[in-house]
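Both of the next two complexes hold chain A, though its partner changes from chain B to chain C.
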Partner chain A sequence: MTLTAIWLLPLVGGILIAFIPPRFAKWLGVLVALVTLGISGGVALAFAPGYHGYQFTEQVPWIPQLHVFYHLGVDGISIWLVVLNALLTVIAVLATPLTMRNVNRFIGLMLAMSAGMAGVFLAVDLVLFYVFWEAMLIPAYFLLWLFGEGERPARAAIKFVLFTLTGSLLMLVGVIGEYVFTGQQTFDLAKLATIAPSANIQFGLFFVFALAFAIKTPLFPFHSWLPSAYLAAPTPMLVTFAGVMGKAGAYGFLRIAVPLFPNPVGWWDWRWVIPSLAVAAIIWGALMAIAQRDMKLLVAYSSVSHMGFIVLGIFAYNVQGQQGAILQMVNHGIIIPALFLFVAWIADRTGTRDRSALAGLAPRMPVMAGVFTIVVLAALGLPGLNSFVGEFMTLLGAWERAPVLAAIGAVGLVLAPVYMLRMFQGAMYGEPVGQGPSGDIQAGQLALVTPLIVLMFAIGLYPYALTQLMTSVAQAGLYK
Partner chain B sequence: MNTSQLALLILLFPVAGAILLAGRGWRLPRIVTKIVGPGVVWASFVVTLTLFFNSASGDFTYWTWIQSGDFNVPFNLLVDNLSIFMCLVITGVGGLIVTYAVGYMAPEDDPSYARFFTYMDVFVFSMLLLVLAGNFVFLIVGWALVGLSSYFLIGFWYHRRSAVLAARKAFVMNVIGDVGMILGTFVIFVTYHATTYAAVFGQLRPRICLTYLPCPPITDSSSLELAAFLLLVGAVAKSAQIPLHTWLPDAMEGPTPVSALIHAATMVTAGVYLVGRMHPIYDVAVYAHGAVAIVGAVTALFAATIAIVQTDIKRVLAYSTMSQIGYMFLAVGVGAYSAGFFHLLSHAFFKALLFMAAGNVIHAMNDEQDMRKYGGLFRQLPRTSWSFLIGSLSLVGVIPFVGFFSKEQILGAAFSKPDDSLALAVWVFGFITALVTGFYTGRMWWMSFAGKPSPERPVEHPHEAPPVMLIPVLILAALATIGGFIQTRALGFGPRLVDDFLQTAVGKQSWEGGASEVIATFATMILATLLFLGAYRIYIQRTWKPWSAAVPWAQRLFERKYYFDELYDAIFVRTMDGLARGGLRYIEEPVIDGAVVGTGELAEAGAHSLSLTQTGYFRNYVLVFVAGAVVVAILVLVRVGS
Partner chain C sequence: MTLAEVLPTYGWSQALADLGQISPIATLLGFMLFAIVADLVIPPKRRSGVVAMIAVTGLAYSLGTAAYRWLYEQGGPAYSGMATGDSFALFFDVLFASLGILTVAISHSYLQKRGMREGEFHILMLGSIIGMMVLASATSLVTVFLGLELLSIALYIASGFARDDNRSQEAAAKYLLVGGFASAFVLYGMALVYGAAGTTLIPEIAKQVSGTAANNPLLTLGIVLMGVGFAFKVSAAPFHMWTPDVYQGAPIPVTAFMSVGTKAAAFAMIIRVFAGGLPHLAPEWQALLAFVAATSMVVGNLMAITQSSLKRLLAYSGVAQAGYVLIGVIAGGKIGLAAVLYYLFVYMFMNFGAFAVVTLLAGPDGDRDRLSDLSGLYRRNWPMAVLMTIFMLSLAGFPPTVGFFGKLFLFTAGVSAGYTWLVVLALIMSVVSVYYYVRVLVPVWSTTGRAEPLRASPSSTLAIVLSGVLSVALGLYPTTLLVAAQFGALPYGGP
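And then the complex of A and B:
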């Protein structure tokens, strides 16, 4: 029941909180999120490294006629994502301002979204995975629609739905196709990984799944929903929306597309198409980030670039690349919420997110500047901080498979400081202009990002703490 | 304490200092910053001395950093004579410079004052990590962190736009170098499945030829060449060698102690350390090794010619630094490793001396850096002037100053390989550079200190610097005067302490100075000295016409720094910005985003025209798009399934 609690608790809590008076909502939400984090952390502590297979499994027949099971489990691929989801949910709820209208509904939806994401990472049955996948999108859509900011949040929400629904339906086709074409009448992910369908079927099924995951990741050129959705999303939502849900697509690649279809070769070879698109995403995302003036959009595009590294690592088909990709999912989940939080806090104090309209903030908000520096350095992949490890490993994996792709991807490492420093220096340095900011970082806000900052250093200095629990598809051969 | 704990302690002192100053520094009394800032560097110096006198060595692993398949990286420190040598330079010369900064930075307000020493301590830590790291990954970590500290310190006065831009330029160019190092490490790992120096070089060792044994055939030299070239990219970027040199002159935007410590004495010499540390690779990868020498020789001459026309005293020193590091590259490029490291040590003495003495002058002149506005300082600032003269003569290579022995040993090593045409070619470059060095140094010295005070001089009666700024200068002046006697090999006789000390780390050096080398040595020195004196006639007495009257095009070329900045701006910066802006405007918005919006609008229009429904467009919008995609998917499946 442990794993069930990880998704059921926030779901039930979320529904409850949506209907209690707003003034209790935040603290009850924090309580629910903290208990979930406690359970998830306990699972990670009790997790046995080196065990090939799913742990803490729960299996109950669900639709016996179709061999669908309610089947949960964690392994070295999903364990840290479950913990990350729980941690970021706590931070997201804490970051929610009490003054927000309908704060109880907001927190309720946030917890429901968190429950869906936990389910995606926990599901070991393909149908169950699909159900959770859909379930996490519904609260996300309502959050964007009802609580979105900016000029036309509804439009961003529609765009988001348009893309994700397309992906979902493609995936549904894939799920059915997988059941039909393998002929083994099972949806068990571990079993499916051992019975690859024929090459042609693999080619087609890989296409539908990969398209679904490429949209969700997002992979170039399917990324256009991301900037508008991230722009519209309120910042507390972004903590989990960008921090965790952004990883669902990459997780899908790693959990389903790669192990279920090891040889998707037909008219062309998908094993080269996807990493090529990943490299394109690295470069294109970075270039688009360079062109942005709105810091929130800049960070959104930097996310496209960073996701490219993750997909590149997954499609290296080796241990280094895939462990690097998982590590980078966690790292990006730590860095991107911090970036969005800082951009929002700076905008709160100055009234603008335009990097070229800001200048000289550093002497007037020194603590904010100092802590933001660390986040920016982590984001641009400074060796010694967490992101470097993931980028190094994904590129190393890619280099072992295709040096040219890795070398082009490495250009992204040079572009990252260009856009990150333009943003940071633009806002913080130079002669102060206009009215000063209305204050430095508040103690509560500092407390909010402290765990993220600590993790940036900790993972940078001792990544082995995380990777020793990790298995990768390449390593495990997915539990034959 | 054992060696492994001491090695860790060397790193921990500056870290502790940085954490203390970053966290509480500006809330504590200033005296704390004054003590802690330099104090932790001196503490590391004392620990390094302990290792030195104990003849410590070893490879110590502290924890597993990462393990992924066969990719296994420990956090390990390598203590050998090379790393101890480098640590002595970093903490010794660094200690003097950070102490000097206590006085130099005194006008800053409290938060900035503490911030400065925080960055300096971070730098010292990073540099020590760079030289102590026992594997390629932590080498990269130290490598990048010194770049970061350099970025912070160049942009220290961040209200100046020029400083901010210079800092960013330095950072990005150094990241290019970092990427080279990262890719080089990939090649090494893929070839040898190891990341520690011990494991990698251990596999290379049988291939290093001993003089009395025939060389075994080398089977994988192409991957070694690739690795060596990629590592060279890192070395070139960090050491401001052609073609990744343009950041260093701009880096002079930082405070002068920063220029002395980072952009003269330590960080910019990291490339030399890298080639020396990787010598088992470069000994095999002959093409990359030759490239090191060529890059060094060309940069030495290139930078020296630009130094002739600079008017900002710090920029003269910056180009001079580039040029002198070119000598070091030249040395390690022709295999004279310990000669390169001796010049590294010697250059740390005299260039730190020159920068700090220049800093005293700049302070006395109310932050004016234009030499044309100095003049006649010799009588007014005697101690600083004498120190600057010692540094200058050392730079020119006049006996008995330290620069003579170190530079002439490099030239001698290149000259003594007549069967090696590359060595002879780079010797010619080195020889001409020595002459140009004599000239620009003379110009700098005479313009600043001799003659009558310039009418534009900002301060009529300047004051000599306070003791905290003067004593480190005088100590370095003393070292620059007598330091050469630890290794007088350039004369063909006498002690050779540096060579002997580094022999275990970089191998025995084969060069033995003969009579012809000694003659060449003195000829070089005498010609350079004559040019140093000749500058007096041109710039003070004005009895000789300036050289630029004869070749105005050359002066223009030097003044525009061979148009590298303009070229890079046109090729890289504008291209990148153009791609970014153009991509956003013509591809991202109309095509990638437009396709989606267009599909939606098409669906809507279709729905309207067919009068299927008039209720809210959202449903149709989604429905048509989704249905279309699903139909395509099913078609694909049916097609491949049949």
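And then the complex of A and C:
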């Protein structure tokens, strides 16, 4: 029941909160999110690192006619994402301004989306995975549409939904195909990983799954929904939307596409196509980030670039690469929300997100500038902070597979300081222009990012704490 | 055999056994006659509601009878093989009776609001339901045609029930002409099949056709003609042209009723005749139906995008949905037909629910079914807005609603039977469908538009809430209904 509580509690809580008076909504939401975080943290602490396989499993027959089970479990890959999701949900709810219209519905939908994402990471049955995968779209759509910013949030929302659905509805063919073509009539992920259909079938099924995951991640050239969606999304939503939902795509690659289809070779070899696209995403995302003036868009494109590293690591097909990818999923989930929060706070104080219109904020916002420095340095992969370890490991893994992939991918590491430092320098130093900010960040906002900052240092200085739990399990889950 | 020879051998015990097999139909027929008498006898002032009560009681009684027979009695052929009370028939009896109850529940306040005669309306609905039940029980081409006409004629009249509304009259005329045309096709096809097989009893046809008759060109032509007629009735493309016009013109409760009922009845007819009577010619009719399914999914989904009337939008959505269901029919077998029955049953709740919400919007002057009429629904009556959202998400096939599980079952059957291309097409078109289903939700949750509260009568509320709850509950817990659907499909699904 422990794992069920992790997704059911926010869902039920979310539905209740949507119908209570707005003034209680935030604190009740925080309470629900904190309890969920407590349960997730408890599971992580009780997690047995040496055990090869799913832990805390719950299995109940759901649709016996099709051999569908309500089957949950966590392993070294998913446990971190579950905890990350719970943590970011707390931060997102805390970051929600009380002055928002219909704040109770907003928090209710946020919790429902968080429940869907938790379900994706917890599900061990392919149909259950699919149900959560699709279901999390519904709250995401309503959040983008009803609470979106900008001129046409409805347009961004429908674009996001249609892009994602094109991939995920075709994935349904893959789900059914796994059931039919393996000849085993099972949806159990652990069992499916031990039986692979013929190479031709694998080629086709890999395509439908990879398309869904590539759109969700997003991978070049399927990323065009992302800028408009991130631009429209309100900041509290972005904390989990950018921080966790993109990881669902990468998680899908690691959990389904890689282990279920060891040999997806037909007209061409998918095992080379996807890493090539990942490298393209790294470069393209970085170049687009350099070109942006709107800081929110800049961070959005930097996210595309960073997700490229994660996918590159997964398709290195070795332990370093995949371990690095998992670590990097967590790192990215810590850094991106922090970046978006800072961009929103700067915009709040100065009234603009245009980096060329901002200058000389540091002397007038010293605290903000100090903390923002850490986040920016973490984002561009400075040694000693968390992102360095992950990116290094993914590139090491990629080098072992094919040096050329790592070499081109490393260009992304060079480009990251260009867009990040340019944004930071331009906004924080130089001759002040205009009226200047209306004040430094508040204590509450500082408290909000403190856990993220602490984690940046903790993982950067002692990554072994996480990777020791990933090694054995990543190996057991992916390589027999 | 002449009648004089048959009669002496047809004793009372046989008569009772036969009547028992069709008891859900017989009870409903009794109640319908009672309703006609009541409508004539009771003075107009006190008549309101009485006929509705009789109709609901009769439908509930019929439903109970079907459920009882389902649980405790052995179904089998009746009337020398003309009809049957097998589990397939009973499954549809339950479906039609439930649909009837839902229809009566939403139409009472609608008819009062529009000032229409209530008694005749409910009697027509009962007549149509009896036709549908006869169709589901038919094991002879003659009985099939009897049921088809019975259900259609009642609906021709019901579509024109808004007598002072020109569009309603137009709908009735159009439906009558096109429906008659479709019936003619079916009848011609039946005649040709009869010519080839020498019998109208469907199980006998299956035996005859297994031999040399399979190569008979008459039979192929018969299949094509019947297939065209059936496609008319399930409103599958390219024979769907009448659907949007008729749906738009007919009063909404009638549209709601026929969008689910006629479709389910026509699918029952297709399975009875094709899967039951012509299993040895499966490649022929499967190819025909695969073509129809593919066209329906493409045409229905693409045409729905540009509609501004909800009734027309749902009409085209119905065309597309018919395409999805046909995949299950083509796949056949235990899982295919069970998936069809499951989908038709849950389609009742999601599609009927959507129409029922639109029914509430109607004013004394007519139906208000433009998309903009929905605007502000969230502020006018938020439970209805939530329910409408559930119905649309379910029609679009989002989990955890029934729409998703229905599609999962249909498509699993399709891929298992080797129709992967059809399933891929269906899923690509489903992406298109999300666009227009979500378009309906935009006005529902918009902050502009009317603000005055929207009142719903208790019976309407009950019907809509029940549909909404079942649209989710039957998805979260599909097992029981799926077991029932498998049992219902048993006569044609094999072990």
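By definition in this document, the second predicted complex is superposed on the first by the 472 of 480 C-alpha atoms of A that agree within 3 Å, B and C clash if a C-alpha of one lies under 4 Å from a C-alpha of the other, contacts with A are read in each partner's own complex, and residues count from 1 in each chain.
Heads up, the rule we're going with is that a residue touches a chain if its C-beta (ideal position, glycine included) is under 8 Å from a C-beta of that chain, and two chains touch if they have at least 3 such contacts.
Since this is a predicted model, take the numbers as computed values, not measurements.
Of the two partner chains placed by the overlay, chain B and chain C both lie in contact with A:158. By the document's definition of touching, neither partner reaches A:354: not chain B, not chain C.
When the shared chain is aligned, chain B and chain C each come close enough to touch A:166. Of the two partner chains placed by the overlay, only chain C lies in contact with A:179; chain B stays clear of it.
Contact with chain C, but none with chain B, is seen for A:138 once the two complexes are overlaid on the shared chain.
If you count the residues of chain A touched by chain B and by chain C, you find the higher number for B.
Applying the stated contact rule after C-alpha superposition, one finds that A:413 touches chain B and leaves chain C untouched. Looking at the shared chain after the overlay, A:64 reaches chain C, while chain B stays out of its contact range. Residues 158, 161-162, 165-166, 169-170, 173, 177 of chain A touch chain B in one complex and chain C in the other. Per the touch definition, chain B reaches chain A in the complex via residues 22, 63-69, 71, 111, 137, 140-141, 143-145, 148, 155, 158-159, 161, 164, 167-168, 171-172, 175-176, 178-179, 182-183, 186, 189-190, 576-577, 579-581, 583-584, 588, 592-593, 595-597, 600, 618, 621-622, 625-626, 629-630, 633-634, 636-637, 639-641.
Contacts from chain C toward chain A in the complex involve residues 335, 338, 393, 397-400, 404-405, 407-409, 411-412, 415-416, 420, 423-424, 427-428, 430-431, 434-435, 438, 442, 445, 478-479, 482-483, 486. Those residues of chain A lying in contact with chain C across their complex are 62-66, 127, 130-132, 134-135, 137-138, 141-142, 145-146, 154, 158, 161-162, 165-166, 169-170, 172-173, 176-177, 179-180.
Of all residues in chain A, only 158-159, 161-163, 165-166, 169-170, 173, 177, 181, 200-201, 203-205, 207-208, 211, 221, 223-225, 266, 284, 287-288, 290-292, 318-320, 323-324, 360, 362-363, 366, 370, 377, 382-384, 388-389, 392-393, 395-396, 399-400, 403, 406-407, 410-411, 413-415, 417-418, 421-422, 425, 428-432, 461-464, 467-468, 470, 475 touch chain B in the complex they form.
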